[in-house]
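For reference, chains read A, B, C and D in written order, and residue numbers begin at 1 within each chain.
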Amino acid sequence: MRNVVVKDAGAAVEGIQDGNAVMMGGFGGAGLPLGVVRAVLDTGVRNLTLISNNAGSTEDDLSLWFEAKIVRKIVCSYPRAAKQFAEQYRAGTVELELVPQGTLVERIRAGGAGLGGFLSPVGVGTVFADGKQKIVVGDREFILELPLRADYSFVKGHLADTLGNVTYNKTARNHCAVMATAGRTVAVEVDRVVEPGELDPEAIVTPCIFVDRVFARSPR
Amino acid sequence: MIPLSRDALARMVALHLPSEGFVNLGIGAPTHVADFLPTESGVILHSENGILNVGPKPAVGQEDWDLINAGKMPISLRTGGSYFDSSLSFAMMRGGHLDVAVLGAFQVSKDGDLANWSTGDNGSPPGIGGAIDLAVGAKSIWVMMDHTTKEGQPRIVERCVYPLTARNVVTRIFTNLTIIDIVEDGLAVRALLEGLSIEALQEVTDSPIHALGAPRIIRQDGSVV
Amino acid sequence: MRNVVVKDAGAAVEGIQDGNAVMMGGFGGAGLPLGVVRAVLDTGVRNLTLISNNAGSTEDDLSLWFEAKIVRKIVCSYPRAAKQFAEQYRAGTVELELVPQGTLVERIRAGGAGLGGFLSPVGVGTVFADGKQKIVVGDREFILELPLRADYSFVKGHLADTLGNVTYNKTARNHCAVMATAGRTVAVEVDRVVEPGELDPEAIVTPCIFVDRVFARSPR
Amino acid sequence: MIPLSRDALARMVALHLPSEGFVNLGIGAPTHVADFLPTESGVILHSENGILNVGPKPAVGQEDWDLINAGKMPISLRTGGSYFDSSLSFAMMRGGHLDVAVLGAFQVSKDGDLANWSTGDNGSPPGIGGAIDLAVGAKSIWVMMDHTTKEGQPRIVERCVYPLTARNVVTRIFTNLTIIDIVEDGLAVRALLEGLSIEALQEVTDSPIHALGAPRIIRQDGSVV
């Protein structure tokens, strides 16, 4: 029977390469797979394109990636309050693609759902429309937003069964559920791995078809 | 005549929210409105990171960092609340399902243009977050802000000079001096701080205002009579 | 406190008018709000635009609407095996807009999510592309598909609390969850109404913000 | 030489499905493949109405009409299965998450064009359902069908005359006579029914075929040696 459990964060990030696009779940610390943050650092990869709602705070989080200068570009909605990122940004050593939060998650969803893009009312008449195709439907103008996919999606779940079905905890679900549909390799850091049948089939948020690797977070 | 305190402004907004309405309180000052909602209001609060029926912040030591609001502060879930992912959360916002979004602002124009995400300072990284989705999607967009900048410059303007969040979206502005509705024929003053005249308000407002009937009186505690 | 419970199907369909667009949940019989089917008939409304995956079988279902000739147009993915509909269709008294199933649900989602449309790879090079705008992104051609909304969305849930939070039963979830986001008035027929707090906040599929009316199905 | 029975054809397809793969079996004959899946295959079946890990049909009298497949027939859920709404279900399909979709067909062209939803008969209402989404989205599109129509006309053709479902998507065809891969240089015969020659197969195939190495032999029970 299918079993996607791997032993640790190191195994979860196996294969990651320089220049990869990487989605990291989370809104603030909720939903951020912290073990993965460190494991990616340990691989020594560089020049990543990071797709994430935030750019870290000054804590033990994505700030480590900016401190280590392994991110070439970040696609992000709210990189404020991120000290290490801000330094890189001011120094011009990291590229920022600023995307409204709802547009960010919808672009990721489009990537995972095989759509070529979508027409958004968000950003019309603002700098967020710059350089994007405008499409008028009826008497209303929209912006064509394009899908996002990644080489790796790393998210934080609550429970996963060995098949790879995942639930989340409270507001830690945020971008994780959508990112889990849009990575070529999807790895989920969870609080606990359970047996198939232990999760309520009505309450599984990410069905196992989307998940390639699961590992249990180490106690801190 | 002393401008409303932050608490009083928050109370004034809270008292105006529609009973049993679905409301998103933007990060910053708007979040503070929750503290002044009468329990009998039945208002159901949404936070864009994926929660409906947000409850008060937990007691010190009881924080759950998987249960936070859009300002990344610990909250609680009220009975009958729910969790969902960001795509459904923003579908609620962009799809017009929220009755009211209360947002902070740097500037609002007489046409309801909203500038609340950037002052154009290129020194620090910009951040847009979900405010722009709210501004486009909620049925009513209310702004709450100080009437002027710290330097005394009007924030209600003919035309925003800061980068826009969205055009023609704001319908009501709550400031520490007044409540103004943005209507067909301009800026209509619905309520005025006790002791303040329309003429005095006009002096700190960079676009013509007019009274909507006899403006109601805002008391120092934020109640309106 | 908010309470959206109404007494029966008749109250759930109150206000429906001639010419309205109506979404009906369900894939086959699963998810079809059967009480609503009859209650709409009882109102005597006509000229409805029906948005539904199917057009009824020969059973006690949407076939009744075609027998009563109250549908002017159906937007549907699979109206086969629908005897009464087929008769109307052959007689030319009902208009059919045939939409691939995934495109149908995605158009409804776009309607509920406030998007202006989406770029679909489905139907490119087929009759399903006829009359639709083509948009090329990179080297790939897509079809611009437009959102669907309705005056009323009627779906079948399993449990609902009095606030209007809804869960579904097994594969009866199908189009219901998405249709519940795209109606100006959304009414849900459920097996049972429960008190707030009885539904797991992690397992609520349709949060109450989308729901205007809830009623418990009468025992048959 | 007797063409494979429906059961044998279904068994032949079942034996080729990738171990632990995610598979959608289209309505009609493909659904029947499930009955021949070895339990150790670990194949996980998807049905587009919103279920992953479809199990066998329940015993008579145990049917739950809220638990059906895309053919609207009662099924069961295997341990570790899940339910979800149609938008997520079609995201799985269109987004390339399924390893294989097995579909019936009226015609398949040498370029992998698929015609499986309409014979152009205008007398009865058309139906497209979810077959088109599968045809566009799954990583591999396999067709299973009788090699010819009841009247003996080839179904594998130079160019489909029936309305297309999708262009250039089919990669493998299982018929009651053969297994053919659609590759760069045309129709490659991977396996042939015992006793059938390439030349005889060519006679009932409306597009040039060629052998891929030495084609394997299909036995009457659908096993391939």
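Observations on the structure shown:
In this section, a contact is a pair of C-beta atoms (placed from the backbone, for glycine too) under 8 Å apart; a residue touches a chain by one contact, two chains touch by 3 or more.
No experiment lies behind these values; they were computed from the predicted model shown.
Steps from subunit B to subunit D, taking the shortest chain of touch contacts, total 2.
Taking each chain's centre as the average of its CA atoms, subunit C and subunit D sit 30 Å apart.
One inter-chain figure worth recording: subunit A and subunit C are separated by 32 Å, centre to centre, where each centre is the mean of the chain's CA atoms.
As a whole-number value, the distance joining the C-alpha centres of subunit B and subunit C reads 35 Å.
Shared interface positions of subunit B, defined as residues touching 2 or more other chains, are 77, 83-84, 87, 90, 93-94, 136-137. Shared interface positions of subunit C, defined as residues touching 2 or more other chains, are 106, 109, 113-115, 120-121, 168-170, 201-202, 205. If you sketch which chains touch which, the pattern fits none of the simple shapes: not an open path, not a single ring, not a star, and not all-to-all.
Interchain contacts (touch definition given at top) occur between A-B, A-C, A-D, B-C, C-D.
Subunit A meets subunit D in the complex at residues 1-2, 109, 111-115, 161, 163, 165, 181, 196-197, 199, 201-202, 204, 207-210.
Looking at the complex, you find that subunit D touches subunit A at residues 20, 22, 42, 44, 46, 52-53, 77, 79-84, 87-88, 90-98, 136-137. Taken in their complex, subunit A has these residues touching subunit B: 27-31, 55, 77-82, 85-86, 89-90, 96, 98-103, 105-106, 109, 120-128, 168-178, 205. Per the touch definition, subunit A reaches subunit C in the complex via residues 106, 110, 113-121, 135, 137, 140, 142, 144, 146, 167-170, 200, 202-203. Of all residues in subunit D, those touching subunit C in their complex are 47-51, 64-70, 72, 77, 83-87, 90, 93-94, 123-130, 132-133, 136-137, 163-167.
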